[in-house]
Amino acid sequence: MALNVNYIARETGLNLKRNLTLTIASILTVVVSLSLVGISFLVRQGITNASGRFRGNIELIVFLEPKIEPAQRAAIGKSLEENPEVKKIFYVNQQQAFEDFKELFKDSPEMIGSVSPAILPASYRVVPENPDFQATRALSQTYGRKAGVREVVSADKTIKALQKITGKINAGVIIAGAVALAAALLLIFNTIRTAMFARRREIEVMKLVGATNWFIRVPFMLEGLIQGLVGGAISVAVLYLYNNYMTTQLVDSDEIQFFQNFLVESPDVLNTGIVLLVVGALVGAVGSGLAVSRFLDV
Amino acid sequence: MALNVNYIARETGLNLKRNLTLTIASILTVVVSLSLVGISFLVRQGITNASGRFRGNIELIVFLEPKIEPAQRAAIGKSLEENPEVKKIFYVNQQQAFEDFKELFKDSPEMIGSVSPAILPASYRVVPENPDFQATRALSQTYGRKAGVREVVSADKTIKALQKITGKINAGVIIAGAVALAAALLLIFNTIRTAMFARRREIEVMKLVGATNWFIRVPFMLEGLIQGLVGGAISVAVLYLYNNYMTTQLVDSDEIQFFQNFLVESPDVLNTGIVLLVVGALVGAVGSGLAVSRFLDV
Amino acid sequence: MIKLENVTKVYKGDVVALKDASCNIDKGEFVFLVGPSGSGKSTMIRLLNKQEGPQAGRIYVAGKDIAELSAWKVPFLRRNIGCVFQDYKLLSNKTVYENVAFALEVIGRPKHVIKTQVPAILELVGLAKKQRNYPEELSGGEQQRVSIARAFVNRPLILLADEPTGNLDPNTSVGIMRLLDRINRTGTTVVMATHDRSIVDTMRRRVIELDRGTIIRDQARGVYE
Amino acid sequence: MIKLENVTKVYKGDVVALKDASCNIDKGEFVFLVGPSGSGKSTMIRLLNKQEGPQAGRIYVAGKDIAELSAWKVPFLRRNIGCVFQDYKLLSNKTVYENVAFALEVIGRPKHVIKTQVPAILELVGLAKKQRNYPEELSGGEQQRVSIARAFVNRPLILLADEPTGNLDPNTSVGIMRLLDRINRTGTTVVMATHDRSIVDTMRRRVIELDRGTIIRDQARGVYE
């Protein structure tokens, strides 16, 4: 059956206008639930960003004896540089180690008070060619036995722990996002169904006058699509406002650099916005289509 | 007008049964939205607990020179104990300082590798009588000048920073909770309004047959109350399941003690549950009462 | 009992449904309201139970100007006026029994009264067997009779009936008219809008004829035309 | 055109609305369906346009057994059957014009056809001035006439009319009956359920009488009783 574009457009427009109570109710539900989904997505993105930044890529630290001979030190450095398993090294002298320490503990001055440059050992920070557990351990054993080396710390445990933490947080936030999305879909469909219930007589009459299922369904689906898009668009606006507010809040708090790690980039917001629009449009159209069907059986 | 309890009970029961589609829709909305509110409350509680535990109550640390004479050390201790501004002191020797350090950095073995007991200074941890900024600073100046004292670190900056962080997180989570609650109220009212819209003819007819506003309104409000309570009860169940799951998850992760700080106590869950029930019942009853009113004007 | 003084009702779009209508109906009268489709019969009935308000003129029911009735008193007015609506206005979520019982519950009648009166009145209109059915499950004429039963189950002072026999066959109509007549004889004022020529011509009661909103005839013991 | 073979329709609760009913209506016939309230007239009409299905028996419309029609073909059956419903079944969100136009839109008539045919048919039923009103804003008789207009605006093969004059005054009824007669003369089969004795007695067409679901009379050029 060829559907008349003209008819569909007019019918949809009139429906939206004349069932204003139901139109507003549906859009409101879409706005509220998709905004929650969007915000939980952005929080997820922020946490992913933050945990990415917390993690370095240095996998091995060769601590040198504080009183090591410069020659011995150079030998170790050379050996490291020539090792095919090693990709890159950085030498961190005692002063730098202290600076690093101060940076790391700038919020805990009592820690800083407890050390001095002379106390902290110099070290080679090593980026292995192959950031694999076995390779890192082999390197660590090789250099741990060398003279002048106080200790080799392979960061594998730390990384594992860090990965576990961020993995857990990530999983938690993904679950929260999925739950929010599922809740949103449920709420929107629920509202559409209730609105359709209020119009069941109308649908029955159309059917009795000889309208085919699709003839009835298409304008309702278009109506749902538009409600979903409008609701989605409004929740994208809510999202931008939220993100702007959070960004100024986070940038403001420059004394606590920690928070800045959670900043979300514009492309992420854009992507989330697109997802919201698509979800809104889809659930609006498909939900309406499904909800109508219940009353088409006349 | 005396309302007939019998009539109200029967009327409410029949309404719930005969408008099953709308009853289910309303309960579903209450369940989904209140569960979100409840979970956001529990997360908030967890964060509050965690930040409470992160914060110690030691406000001042007097670090001693590593090579201090025992007599000098005892003198400083005595002077601290006798100072009326000081409430309590703990002596932390070098070995203990190292243990603390290891505990603090157990996830960062490279930090542990960089220090040894001999390096870390012993210290007096001081709890001032008056945890006030001025008093703490005065103490810190007095003892900073004493012989044998390497440095006095007043934790006020740390505490300020920590308070700022936890304050911000708290504010964020409170806002999130408030937003979730507002969203829930909006969604529930929206659904009730839509459901009432589907029944507007019925309400008009009742009015035309001579029913007073309250005669019509009370069963609808009771209906809303019951829907709210049922929805609230289900979301309390959801909350308990969530909390149980999270608790086992968090306790499981004992290698990352950090997470255990977020554990929420049973009373908190209970309180949140009660809040959900009350909110569900109130918004159900009041929302229905308001939604009916729109159609009583016949 | 009922008095209209120069009542005018204009709907949006300049539809004059009632124009300067005046009449006086005494207690215990039986009045037929006749006139072509769209002449304002239902409008007059809707004005009497304050479903709508007039643009001009005064309406007195039981001695009171109903325009001056405060909103919370309107239900009490309506309890004294039984109304058979042209479109029945049954509660679709209630059974036949519950629909009729509702009119008694509204005025706070005790349960045992409801339990005896409702079946009795349903028996009278010939719906004893349909008590447990919902309006949707009834034929047109059956729904109409439920509306009639509900309108006078609580023995109102005034009975407004808007085409109560429109969907009834002649025999059932005669039965309903006998019932209305009996109710009228107990002192209830009856105003009935109708298109049924034979009923009007048989009963020979007062006839008020409307034409495009104007009362063009008010005749005691009148006929349809 | 229409053939019923031993059709039985039982509603839940053992209400036998139609019992072993058989009849044959040829193309171009005009049939009155009479019988007391609740005798099964509307049920028969609902069976003919497949609003409901019978428990037993076969129903043929235009030579086809409608029980064997697959669900997607039902709309096409209904487009050939105009139906005036006893409760009008107007679309409350659409104006009078839109309600009537809908029946043409459903069969894909182009806009210019709709624009000329809808006002013409509304003129015929006397509603030219009410085109922009919603059903709620019409009197009972006016709503009924919208339903009539919608039923034959698309010139169906068969016209089922369930008490199309129930809410109309005698004069308007005569006008509507003239219209139905004219439509019938163009070849449309008309089946009309009615309670109006004078219409049946004046027209003298075939009469099928139902009583408690059974066809008790099938008379050419019959009278009401």
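For clarity, chains are labelled A, B, C and D in written order, and residue numbers in each chain start from 1.
Assume a residue touches a chain if its C-beta (ideal position, glycine included) is under 8 Å from a C-beta of that chain, and two chains touch if they have at least 3 such contacts.
Predicted model, so just to flag it, every value in this text is computed and none were measured.
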| item | value |
| --- | --- |
| Partner chains that chain B and chain C have in common | none |
| Chain whose average C-alpha position is farthest from chain C's own | A |
| Inter-chain centre distance, chain C versus chain D - centres from mean C-alpha coordinates, in Å | 28 |
| Chain A and chain C, separation of their C-alpha mean positions in angstrom | 67 |
| Centroid distance [mean C-alpha coordinates] between chain B and chain A, Å | 23 |
| Centre distance in Å when chain A and chain D are each reduced to the mean of their C-alpha atoms | 62 |
| Residues of chain D touching at least two other chains | none |
| Multi-partner residues of chain B (at least 2 other chains) | none |
| Category of the chain touch graph - line, ring, star, complete, other | ring |
| Chain-chain contacts as defined at top | A-B, A-D, B-C, C-D |
| Of chain D, residues touching chain A in the complex | 49, 51, 72, 75-76, 78-79, 83, 85, 89-94, 98, 102-103, 105-108, 111, 150 |
| Complex contacts: residues of chain B adjacent to chain A | 21-22, 25, 28-29, 32-33, 35-36, 61, 63, 97, 107-110, 113-115, 119-121, 123, 150-151, 153, 155, 157-158, 161-162, 164-165, 168, 176, 180, 183, 186-187, 190-191, 193-195, 197-198, 249, 253, 255-256, 258-259 |
| Contact footprint of chain C on chain D as seen in their complex | 11-13, 34-38, 41-43, 86-87, 132-133, 137-142, 145, 162-163, 166-173, 195, 197-198, 224 |
| Residues on chain A engaged by chain D in the complex (per definition of touch) | 1-2, 4, 6-7, 14-15, 18-19, 199, 201-202, 205-213, 215, 298 |
